[in-house]
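Chain IDs A, B, C, D, E, F, G and H follow the sequence of writing; residue 1 opens each chain.
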Amino acid sequence: MIYEIRFHGRGGQGVVTAATLLAEAAVFEGLWSQAIPFFGAERRGAPVVAFTRISNKPIRIYSQIYNPDAIVVLDEKLLQLRSILQGLKSNGIIVVNSSEKLKFPKIPSQRIFTVNATSIALKLGLVVAGWPVVNTAMLGAIARVLNIISIESIEECIRRKWRGEMGEKNSLAARLAYENIRERD
Amino acid sequence: MIYEIRFHGRGGQGVVTAATLLAEAAVFEGLWSQAIPFFGAERRGAPVVAFTRISNKPIRIYSQIYNPDAIVVLDEKLLQLRSILQGLKSNGIIVVNSSEKLKFPKIPSQRIFTVNATSIALKLGLVVAGWPVVNTAMLGAIARVLNIISIESIEECIRRKWRGEMGEKNSLAARLAYENIRERD
Amino acid sequence: MERVAVLSGNHAVAHAVKLCRPHVIAAYPITPQTQIVEKLAEFVERGELKAKYIRVESEHSAMAAIIGASAAGARVFTATSSQGLLYMHEAIWSAAGARLPIVMAVVTRAIFPPWNIWTDHSDILAQRDTGWIIAMAESNQEVFDMIIQAYRIAEDERVLLPVMIGLDAFSLSHTAAPVSLLDQDKVDKFLPPRRAFSFLLDIENPITMGNVAFPDHYMEFRYLIQKAMERAKQVIREVEEEFYEISSRKYGGLVEEYRCNDADVILVLMGAWSGDAKECADKLREEGLRVGVLRIRFIRPLPIEEIKRVSLGRKAVIVVDRDISFGGTGILFTEVSSILQQNSVTVRGFIAGLGGRDVTAKDFAQMVKQVYTDLEVGERRSRVEWYGVKEVI
Amino acid sequence: MERVAVLSGNHAVAHAVKLCRPHVIAAYPITPQTQIVEKLAEFVERGELKAKYIRVESEHSAMAAIIGASAAGARVFTATSSQGLLYMHEAIWSAAGARLPIVMAVVTRAIFPPWNIWTDHSDILAQRDTGWIIAMAESNQEVFDMIIQAYRIAEDERVLLPVMIGLDAFSLSHTAAPVSLLDQDKVDKFLPPRRAFSFLLDIENPITMGNVAFPDHYMEFRYLIQKAMERAKQVIREVEEEFYEISSRKYGGLVEEYRCNDADVILVLMGAWSGDAKECADKLREEGLRVGVLRIRFIRPLPIEEIKRVSLGRKAVIVVDRDISFGGTGILFTEVSSILQQNSVTVRGFIAGLGGRDVTAKDFAQMVKQVYTDLEVGERRSRVEWYGVKEVI
Amino acid sequence: MREKIVPISTPAKGAVGKTGFWRTFKPIIDREKCIKCLLCWLYCPEGAILRTDDDITIDYDYCKGCGICANECPRKAIEIVLER
Amino acid sequence: MREKIVPISTPAKGAVGKTGFWRTFKPIIDREKCIKCLLCWLYCPEGAILRTDDDITIDYDYCKGCGICANECPRKAIEIVLER
Amino acid sequence: MTITIKSLSREEYLLPGNASCPGCPASLGLRLLGKALGKNMILVVPASCTSIIQGPYPKTSIKLPLINVIFASSAATASGIAAALEILGKKGVHVVCWSGDGGTVDIGLQALSGAAERGDNILYICYDNEAYMNTGIQRSGSTPYGAWTTTTVLGKRRHKKNLPMMMVVHDVPYVATASIGYPLDFIEKIRKAARYKGFKYIHLLAPCPVGWRFPPSKTIEIGRLAVLTGMWPLYEVERGKFRLTGVSRSLLDKSKRSPIVEYIKIQGRFSHISEEEIRILEEYVDKLWEDIRKIIS
Amino acid sequence: MTITIKSLSREEYLLPGNASCPGCPASLGLRLLGKALGKNMILVVPASCTSIIQGPYPKTSIKLPLINVIFASSAATASGIAAALEILGKKGVHVVCWSGDGGTVDIGLQALSGAAERGDNILYICYDNEAYMNTGIQRSGSTPYGAWTTTTVLGKRRHKKNLPMMMVVHDVPYVATASIGYPLDFIEKIRKAARYKGFKYIHLLAPCPVGWRFPPSKTIEIGRLAVLTGMWPLYEVERGKFRLTGVSRSLLDKSKRSPIVEYIKIQGRFSHISEEEIRILEEYVDKLWEDIRKIIS
């Protein structure tokens, strides 16, 4: 079993952190994982990607991910990018941070989920430098649809990363997203 | 035919210049030559050596000279050095700047010549920084004993190197040494 | 059991270094090595590592500073990459000539111009003449393990040479993966404090290091470096055995052999993409092609015997270089084929993946298949080609 | 006929450079290269050479300055040796990557520590990966000739790569020997002014040199350097032919073959001691041993075809290295035996003469005889040994 | 071809794309308040404020939304709103 | 052996031999004139002037004959003669 | 002879759509450099944020001939270009080094000092964002006391190297400081410098929102506060003659200077600074001005 | 607290029979260094005449732990040694860089400046013979205007780089100039420097008979003339406090300074200098002192 996830976000949104936390949660579950940042000009606001690779066996490949099983989009606006679904498996999953019902060109066999991570973040007061922090919420969402990593593991890894209140809030964000994710047509 | 000469002098006496001028004179005669400095700490007053290799064919070897045909000693005091005649061919020639009859341990088949280059230099006023300049005189002496390079070629090359009065004086020094060299017992 | 942490290759380096209790660290930042030096600076500032951290103004000075510290008896560390490695080239020679047991991590990265920060082995391999022991890791775990072993190798009296541990830019340096850590007391036992030798800088024993050696003396010092390199081979194997005792991990000494025993074709390479090559070997074996992987762990000292032994009697040896010696050819290819002189085995070289161009198991499979096809039509000539170059740019 | 002057190798370089009318010279002194830069500084100051002479504060800056000047369209020159060459290592890569037709003289010298200023080829050979064309001269005459040809090769549109011309410390650099000079007008005809290309720095055509290239672009630039290296082989031969027209001198292209035709054993080496090796060949032939000398003139681009052709069917090829890649072996040995992979010829290597240890025709004869003896008792295994190392120091 | 043997690049607007896409906040000029002092034009790090004769407009294709123009406008004639 | 694997050297007088041999000129102290001010001792680059209690002697094995001592002696108590 | 905004050309030499962060002082500085000198210049850029700002091959955002160079080599490369232009008879072209603080005060210092000593005909501009930003905010010799960076997580323990004054010691015809908070002053100094033959040096303070941890809208404001608090005196030294410029002219009088906390408190990099550390910074500023007083008197 | 000759130890740390030229200022300087600090120091020596003076393997003329290092690296190597000593708990050992002018003002400048900025605990001594002597007299950044060297055969066209004042700008605890003509002053400054923790810098003028072309007996005399003519002011800067020392104390008054031709005329390297060039040198000296006056006031 090997499972590959691509995260899309914008510089400053914590995309690499999300990919790494997911990898840590996988290890916490007794699985193997990798978190792979793609290094470009990670300017604030610029589109950024990162990857997580999860397997039940030690992972020895280090090449890049071309055909992810899932795509996580931290900012709805990124759906405008032509490249956003590039390579997604025909039975792949898309998880988008969105408040709306998405009209989005995809292959019928692919499934699309949305969760309003922004409103979760705002509700919890998770705001840094004017930006809602949505990466942890998105982890809760992906945990739900991946179904190989428990939300508890995600919460645990988040709490290990940020001690105290920050940890609590962020893990709660993940939990709320986990509970509120919806599948769209 | 290959002819190898080793010059002994002291730092500041122009030993390398002597070796080079001899090489130039050889080329002027239509022969082939090399002038090889040995690089150590060439401090003023410290013992220094240089070599000239002369041949009637192009010289292609660049290794050092171990068994010279002739040894030229610019400063009599250097005769105290144990290494002074090291490697000299059994039929080799020794030319020393000296005013005296030398008592010097050598193989009988070797020949020893002296010339008072210092007095020639002093007579001609060839003095730099308190030192008599003896290297050009010694070239005249070696020309005489080598017998493959004419004194005229030596004079010419000296005059090319130093234009004007300096050239004249130095070539005269060579000529005087050429004429006044003596063989000792 | 020790804790498993998900660490980037860079952080794996930093954690391993911390466990080795270096006295002096001097480093200069360069992408993609920065996380190493940042993490170590943090360890030191927060008091988690009792060491002096010198924030030098260049890599040349980084190496110079740890040369000084090592000559004064300290255990030392630095890390760099690409331009930084090239900038300290002169000092690199100096460290080896002085026989100082320095350990350095090198995040392998492409060389300017143009700017490119992705992996490429040309930088580390261009240092192969310098008298350093040079190794490349395949995984973050191995980076961690190699760093700790590096000190033992470097400080072994039979060796006394500096060691460079390479890890691929981004594919290892920035990719986070699980790493089994080791307890401090285990590492302390494995790696005792550095011993003082009589050639160190010490006011009670005034000696001069490195003054002029005339032609009648110089060559012997060079010879002694070469002798030490030869002895290092055995030391590397021994140290790995001992490390196995505390970690239950070993990789195979100077090289790692993966399914080589019965292989017809052997892929030879080093670094992170070796894992993809192994993946390729497994896949091709499913298709009936008997492929093995010989991973070069140490390129200096050169594993001559191992390469010879493993290559013996194969249909082909395929060397994949992530580097190029311009006007010559792939550096591994040159080394391997030199070892296999007087041997008729087909050695096929591919130059691939320069400047971080991705190479996957599929790509390796394509190389292997091409060689098989050639062999089938009787084309057995050794040669090198470039893989995956676009014709027009 | 042109004037014959008795010149040290260094002065031969300076005179050749002057004839090439460089616009910008930047250099930093180092024994045994100093005479080159002193002479050139004097030419410039005395108005005999219309050029800008930049008295840089280090070799890294020397190379940087001529990179800048060359990028702005100037013909440029520098010279260095040993530590200076190592100190500019990063910039050396940079010059080649930018495809600038720079010419540099390298007086080959041993590497610190300990200090040693005598000849050793490790310094120049340690630069063999960098994308420079690298040649070594045998005589002062050849140094003179090579410098002039170097500009033609470097500036040829099919090449556009920098060129390094090596000459042995002291044995060439300081040994004065007759050199046939060339008249300025002949050189002017042979070497026209440098042509301006569209990738130079020019306010009328603003372009950016060397900005970031992602993995999807970088590799092609490296490939193009390698292609240029391959084309350079032909260019080197052509340029030599043309040079012959003005000088009546030629040496044989990438290599010089001396009495190789009927030889049983070939000595392979480069640099000044090749003359001693030829002397040895002549002497041994008098004793009935058919020995030839294959002198490597250009080590980059590597004369693969030539080495292969000349080695074919010999009893043995003896490679004598004045260098060592620690933990590997002699650098020429590695290159030559790599070329002769799949070939059963015996390749014997000797590491000799490091740090200026003198090697004479007699020494070469001893190496050759040892190989003959081994062959007679059926010992045909290729291997490398050190020649003339004292056991105790 | 000759141009392309070396790593040289040619000038182009949008070398990394339409960077207006990076924007989270958007500056909007209030033409009532604006006195055309051009300070915003001078200070914009992107050159994303276009100066036509003596008027100004924002080139939203490239404005990265840093907010400097708004911060520096002496008339508070530029408002920053969340990008939609 | 271990000492000798690296290029280290040990201190010794006369590392390049008896450098008194380099001398062309020789300093000779006139003990009449000397007031034992030790200035010559202080200035000698070679450390070739030996200071015994409050007297001085020249170590001709190592004196290179630079003449500094003579030049600096306040009493002109050192004479320089041509070396024989 | 003060410059007006209106007089500035509309031509842009740093094209939009480049890779600078929002609010980047380096990109604004480059833009202003273009306004100051127009097309007649060749840029030399060592490794730095500016290497990235240009954007990747095959495009570039800079409409000037530009050569990217290895980190330690900008001044030397510029010397070479200037020499080439001179001997090839290309007149009226300025050779400008555009280098970060790391590439100036640390790894590029030697080449810089060498070129200055030789008096080579170049204009060297250091844009000083007070850390190695391109590699992710490590301390440089130019990072001020007390500032957090990733290699000084508890705050730097050494003061900023005073490069402009070191360049004054080199006795070159023109040295000036500038701040991105005062663009016209910067432009004026560039133009003044360009009138001299020989080596010219301008040190531009460039507050960086990413590295200094402030909102990108505050770049100019902080550049101004640096000057108003006296942390960054604006001056120029023409042929050895020292002169305060702009608002700094009135700041010799300490009472005219804003308290430095105004500058410090809005920067995240100083968020953990102690009272004691602020005092040390204040003393540093006082000494800066004391030295200036001496020079002027 | 002035030192007397008699109080100096007889112990020699530079042993006779070394490879210096007769009349060498570098070897005298080393000898004095030994007298100043005794055995408790480690020497760092970059490529220079001092590399040769030691003599060749397997012997050495220096009875102190000494590490020869690559040319550009002395200060950085010293930083490493100092760090090692500190963490290994070895107290009371001075780490001293003994470097030529080339290794200081040119190729070693960057490492030097870096170590100073970090405040590393070392004493850096530059013995300044105003050219690259070990390689045969090429100009350095420290060669004075008008001087012949093999790379400035018509006389150097640039002034000497003012390294001591650059080090003062680095704001280190101790900076001083010294001249081999005043050994006791030099020894005193070494001892003073050694009392400070942190970075200390001493710049020793070292007239070299070989490179400056004067008889070896005149080394001290010329070292004195440099000071008396005002060409080389003796001073020290302790914790930022500037103080002229020795005879230089009285030389602010130009009339007290000997004419610089007295210094110039006995040096072969200036033998072709013109009246105009002498004037330029005079102006240079006047400016030197003018700057000192400003600092002192």
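Note that a contact is a pair of C-beta atoms (placed from the backbone, for glycine too) under 8 Å apart; a residue touches a chain by one contact, two chains touch by 3 or more.
It should be emphasised that the depicted structure is a prediction, and the values quoted were computed from it without experimental measurement.
Traced through touching neighbours, the fewest hops from chain A to chain G number 1. Between the contact lists of chain C and chain E, the overlap consists of A, D, G. The chain pair sharing the most C-beta contacts is C-D. Here the CA centre of chain B is 32 Å from the CA centre of chain F. Chain A and chain H have CA centres that are 63 Å apart.
For the pair chain F and chain H, the distance between C-alpha centroids works out to 23 Å. Our note on geometry: chain E versus chain F, Cα centroid distance of 77 Å, whole angstroms. Within chain C, the positions touching two or more other chains are listed as 31, 55, 57-58, 60, 83, 87, 90, 94, 97-98, 112-115, 118, 206-214, 217, 221, 358, 393. Residue positions of chain G touching 2 or more other chains: 19-22, 51-52, 54-58, 60, 62-63, 68, 70, 72, 106-107, 109-110, 113-114, 117-118, 141, 215-216. Those residues of chain F in touch with two or more other chains are numbered 7, 9-11, 16, 19, 22-23, 64-65. The touching residues of chain H, when paired with chain G in their complex, are 72, 105-107, 109-110, 113-114, 117-119, 141, 158-159, 161-162, 165-166, 169-171, 240, 287, 294-295, 297. In the complex of the two chains, the chain A residues touching chain C come out as 20, 23-24, 27, 32-37, 39, 59-64, 66. Contacts from chain D toward chain C in the complex involve residues 60, 83, 86-87, 89-90, 93-94, 96-98, 110-118, 122, 125-126, 128-134, 209-223, 225-226, 229, 232, 300-302, 323-329, 331, 333-335, 337-338, 340-347, 351, 353-358, 380-382, 386, 388-390, 393.
Against chain B, in their complex, chain H makes its touches with residues 19-22, 52, 210, 215-216. If you check the complex, the residues on chain D that touch chain H are 28-31, 34, 37-38, 41-42, 45-46, 55, 57-58, 83, 87, 112-115.
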